[in-house]
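For reference, the structures are reproduced in the following blocks.
Shared between the two complexes below is subunit A, which has subunit B as its partner in the first and subunit C in the second.
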Partner chain A sequence: MKTVISFDLHADMGFLKKPDINEKVYLTYNMLHKPCVLGILGAIVGLQGFTKNKEFPNYYKKLKSIPIGIKPIGSYCDNGNFSKIVIKYNNATCFANKGIEGNPNVQAILNIAEQTLIRPAYRIFLLLDLEKENEQTLYNRIRQQEASFIPYLGKNDYSAWWYKEDVKTDDGAILFQGVKEYNILQDEFKDNYKIETVFVKQKPVVESVVEEGEEDDFSDNFQISDFGTYVYFEKLPLKYNEQLYQYDYADFALTDSKLKVGSLPTENLYHIQEQDSRQRFVVQLN
Partner chain B sequence: MNFDNRVFGCAIVKAINSNYNADFSGQPRTLPNGIVYATDKAFKYTVRYYFTKMYPNEKVFYFQTPKPDTGNPRSLDDKYNFLFKDTKDEKDKKIVNGNLLKCIDIRLFGATYANKAKKVNISIHGPLQVNHAKNIWHENNIYTEQIKAPFADPKPKKEKTEEGEESFDEAAMTTIGRQSKLQEGHYLHHFSINPQNLKDPLEVAGELGTALLKEDIIKLKAAMRQGATFYDSASKAGTDNEILFWLQLNKDSKLILPAFTDLVKTLPEKQEGKTVFDFEKVSQLLSCFSSEIETIEFYINGQSAMAINLPEGCTSLPLFGNNGEEA
Partner chain C sequence: MIRELINFVNDLEQDYPEVFDLNKTPSPGLHLWIELDDEGNWKNNSPIEGEDYVIYDGKEIPSSLFNDATNYWEQGRTIGGATNTNKCVSDKKIHSCSPFIFAFKNENFGHINNKIIKTYFKIAQAEYLEDTDVEYIETSEKFANTISLVFDWLISTKIEVKKRDKLQLISILKVLKTKDYINLYIRNIDLNYYKIVHEKYLNTKLFNNNDYCIPKNVPIDKSKGLSNFINGANKKKMFMEHKTGLMIDGINTRISMDDAKALNKFEILSYQKAFPTPLPVIIDKQEFKFDEGEKITSTEIVKLFDAEGSKRTLPQILKSLFDTNPQRVLANYYLLYINGSIVYDFDFVSKFEYLIKVCNIQNLFAIKNKEKELLPTQRIHTIFGFENKIVKEIFNNSLVRIKDGIISYNYFNEINPKFIKNGGEEMASLILRYRKAFYDFIYKSRKQAITTLMFDKLMLFSILLDVKQDEGYNRDIQIKKKLNIWFSLNQFFINHNSINMATQFNELMKKMDLIANNDNIQLDQSLPEFLFATGQVIYYLLYHNKADKPSHAMLEPFLQKATVEHLQNAITNTVNVYKHEISFGKGRFERLCAQVLAYSSDENIKNSQRYLLAGYFAPAVIFYKNEK
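This part shows the complex of A and B:
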């Protein structure tokens, strides 16, 4: 049996390292990406991580086929962006930096500068096949707010967590959403649709978004919110390239605009309905 | 005896007219919104410092030590050879893992051991993970003061005399420096312990491995309660431990809890000169998980702080002293 669940991952800070810069300052991705989520899922199940060069860890081999969707959330998320700070610190053990100028025998302090996300939070959608043992474990553990290893966002200084049930304020408003389960609806995507998650863009987004005046503004369904206010772009890792042992990238976008029919391939689009609130929306699970 | 419970908790460090963790301009670190924060390294340093000074028999690996002959710091390789004298040129991962696990700081914080000379790369994911701290006091007042150096500038101005000879114009004044401090701050570090993290290195090390011990935890608690107070330097005088909140889960519990950073509040008004910490949200959170909790310990410096709305079943103990635990 296949099911879609979502959980909201929160952290005080986060660092999702970009592998393409390794000097002066380490940079972070703004958006969580699939290879990183797989590591977190591995921690939840309790599968082994990277140990050897040129060998994929257990968690990756076993979980890589799970389709995953990601949506940035929370009050610190500004149209998909989280604010960032560059944290500088010392590695003062003197083990990591060999050589003060002119004297390679003297060990020195290493300065590190790291761009860090402030208050990142993401809703993670998973399409789980409950007949597979690991995915059944994931399903149970996520719903019980349990994990074998304590998850973190990029560095183990930045603990991450989620809530199994909604956390409400005193007047009943939802502060943090808990774990949700969804039914998959039959849909051939013959109407324009809004997409909740970040998606792999196939062509310029400007050609895909529905603009004001294009739809029948006077129809009964018309809502002013159908016309979006922003489009967010980021080049993100999509998966590992298993020959080169490095990330394969794709151009991702996020928008609150409606997209035209046929803007995206429909294979990994899912129209889902939350089981309790009956809310429906479209997600892309890669 | 091995320790194998999961723990969540928070350690609060107060700084009064002090600079607990400075950035590279010498000011206390601030987030873009002006809130003062500290890195996990600052706290871990106080713990490691406490270990080296209070438990000289314990091996502490990741701590700078000088070479006796030159006074220069030891390299990674030197430190390894210094601590494990019998196994000088060892490349066997089993022995190296076993040796590394003999160090109390590695059993707690883990290690990234990349020894190029011996071509050994070992990464140990430590059970204890300390998060960055945020100041939970309602003010973030940083001030800077000027201080006078007692000596003249070592590079005086060069002047040529009429005869063409060089003479040095001695500096008439000493130089002025600056130091910055935080008027008042209460830094909250969230932390977690998951002994499960050592499973893989212990398997590799086999019979040579040392797991996280109950004695380690007793020493750790002592360091987390007293380390910051114990470490006094010119800028850290005024930085003291204030609270240690220790939530120990049942043996096989796999529960994940949110960071306590936003759950513990300070009241803006002090009572009888004591800072008031409100644990209401922590109590609310824990009330849903009471079946998963083994013990809750609460250590507080009763002279400067008090706590309200503590969770049920929580034992309050003084922060300083051995509380009957240490041998």
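This part shows the complex of A and C:
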């Protein structure tokens, strides 16, 4: 049996390292991405991580086929983007820097600068096949707020948490959703739709966004909020390249606008309905 | 990050190819063209200055040879100029990388022997010339054989140099500085062939280290390798290694040679200072839904950067674009702050907002100009107006500095407290704490970056710093300007309290006047009213201080008090000290002081210090004339 669940993962800080530069400063992705989520799921289930060069870790082999959707959330998220700050620190153990210029026998202090996300939070949607043992375990543990190893956002300094039940502010607004379960609705996506999660853009989003002034504006189905205010873009890792053992990237976008029918291939799109509130969403699970 | 920069360079090549020719200058030093005859003898032995050689001091070069020197030098330099000795062809002293060029630093002149020369040319010919290029190989060999003659010429030649207003004959080697280059080129080879050879060099040297290239059995330019752009193998620094995720040979990211070339072009342009800092890097120009004339592109920004011969700042460029058409849109870009090879920030911006909503600085604290007229309300319409007028003021001209009409910014570089005139180390610490938030607020239009709570803390600290350092009221105007900004902009930022402090200030002033004028009007049970009245009373008391250099710093002991009672005790003591100076009888002071001393509350007053400051620096109602 297949089911979609979601949980809100958040941390005080996060560092999702970009592997393309490593001199003077390390940069972070803004958005959580699938290879990183798989690592977090591996920690929850208790599967082994990276051990050897040129060998995919156990968690990746066992969980890579799980379709995953990611939505940035929280009050620190500005149109999909989180605040970042560069944190500089020293590793003064002298074991991290095996030599300084001109004198390779002298060990030195290592200066590190990392661009860090401030209060990152993401709603993660998972399409789980409960007939598979690992996915059944994952389903149970997420719902019970349990993990084998402590999940973290990029570095084990930045522990990540989620809640079973909704967390509300004093005035009743939902701060973080608890674990939710959804029914998958049959939909051929013949109407324009708004996507909750980040999605892979196959063509310029500008060609897909429904804009004010278009013919359908005056139909009863449209509301002012359908004409969005932003589009967020980021090139993100989608999976590992099995020849080069490095990330394979895709261009992702996130928008609060409606997209035109046929903008995206429908195979990764899911129309889901929350079991408790009956609210409906369209998500892309890659 | 590198993918966005690669797209950016590709767009520049397509839309603005001239940028690659801008700002190009040869390295300082000697540029000498050797011409060989058919037998391989040095034909232009005893070369003529201006025709066969030129000395570039980094400032001026004869225009006739400028392009030649630039073009030849460009086709012979190693990656990253001549500084990256890991990219040398053979010996690290030889910084050229072509079989037709021989370049080295003047300081190494005595260390280059025949063996080094022969090895260099042997490797360069083998690596960058085909076996079929017999003619070119021969010419290169003849060139190599001439080098010793050129060295003799360099040792023996003296040229006329103007020194102390006299022409003197000085050895050419002594005219050059130690770090200057001696560049020797061969004139018998066409420049186009230099370019072909240099392309071959680039194809093998652009990766950080070819040992990491895969697959191994293909030419380097067809493989994927370790990027050299702000990236290293860092075997000595384990935390700098590519430990994330999966790896082959300890490396988890490889790029193609085409990408490496694009990044190298970006690096060169960056070193040549062809971009403003920060630089908006548009993600994908296809994503613009706006008409051609309405959008602002990265290329347009780079074009305007050096349009009039002098480098412009990003605010200047954007101001010129938005002032001509406020409807223009700058959206969906990464803002890159890079200085040399150091990346300070790289972050997505969905839309830049140039115009800002109501941002009026009211003259609540009655600042007067030289003609003793009250300054009018300052109206600010753009985000850069905010930066130049408000941010400059808050951080005492040290984060945004305006000196002799030139604006400079210090959002990321080191801050030396020595150069902060007002505030020193404490102001430096304040800048370090808040400058990133202001950078995000201004350049990324990130409204959440500054909240009212942050703004309150910042303003309080900044003003207290001025109060503490005041001597002879020299910080009076500065403090009042900051108070005007604080009270006027309280609702400008993301708001956690809905108090309009400007309106509240006017109400408090009216109330103070009423109390001072009428026995029957009393203070409400409100801490702001009490503190404002206290501020007024303290000002009146300290006004009677007869010190040579009266100072607002005398307010500080009152600001230390945490409870109403302690504050009242301090006032009572001060009244005792100055009672002989105070002219009792008119009633205004007595009424206000009586109300202040009669007030009762258990609240902590530290959190409301702004009202005490406001009351102290506001026009003193006690000096108003009594109503009849």
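Assume the second predicted complex is superposed on the first by the 278 of 286 C-alpha atoms of A that agree within 3 Å, B and C clash if a C-alpha of one lies under 4 Å from a C-alpha of the other, contacts with A are read in each partner's own complex, and residues count from 1 in each chain.
We adopt the following convention: a residue touches a chain if its C-beta (ideal position, glycine included) is under 8 Å from a C-beta of that chain, and two chains touch if they have at least 3 such contacts.
Computed from a predicted structure; not experimentally measured.
Q: On the A-aligned overlay, A:Tyr230 touches which partner chain: subunit B = first, subunit C = second, or both, or neither?
A: A:Tyr230 contacts subunit C only, not subunit B.
Q: Between subunit B (first) and subunit C (second), which does A:Ser83 come into contact with in this model arrangement: first, second, both, or neither?
A: Both partners, subunit B and subunit C.
Q: Between subunit B and subunit C, whom does A:Ile184 touch in the aligned arrangement: first, second, both, or neither?
A: In the superposed model, A:Ile184 contacts neither subunit B nor subunit C.
Q: Looking at the overlay, what does A:Asp20 touch: subunit B (first), subunit C (second), both, or neither?
A: In the superposed model, A:Asp20 contacts subunit C only, not subunit B.
Q: Look at A:Ile174 in the shared chain and tell me whether it touches subunit B only, subunit C only, both, or neither; answer first, second, both or neither.
A: neither
Q: Is A:Leu130 touching the first partner subunit B, the second partner subunit C, both, or neither of them?
A: Touch status of A:Leu130: no partner.
Q: With the two complexes superposed on chain A, say which partner A:Asn30 touches: subunit B (first), subunit C (second), both, or neither.
A: A:Asn30: touches subunit C, not subunit B.
Q: Can you list the residues of subunit A that meet both subunit B and subunit C?
A: Overlap of subunit B and subunit C footprints on subunit A: residues 83, 85, 96, 98.
Q: In their shared complex, at which residues does subunit A touch subunit C?
A: 17-25, 27, 30, 35, 50, 53-56, 76, 78-81, 83-86, 91, 96-99, 104, 110, 112, 115, 204-206, 209, 211, 230-235, 240, 244-247, 249, 251
Q: Mind listing the subunit C positions that touch subunit A in their complex?
A: 1-4, 214, 224, 227, 229-232, 234-242, 244-250, 252-255, 283-284, 286-289, 332, 341-351, 436, 440, 446-449
Q: Residue numbers of subunit B touching subunit A in their complex, please.
A: Answer in residue numbers: 6, 23-24, 29, 31-32, 39-41, 62-64, 72-76, 79, 110, 123, 125-126, 129-132, 134, 190, 192, 194, 196-197, 200, 253-259, 261, 288.
Q: List the residues on subunit A that touch subunit B in their complex, please.
A: Per the stated touch rule, the residues are 10-13, 46, 48-49, 51, 83, 85, 87-90, 92-96, 98, 105-107, 111, 118, 141, 144-152, 156-159, 161-163, 165.
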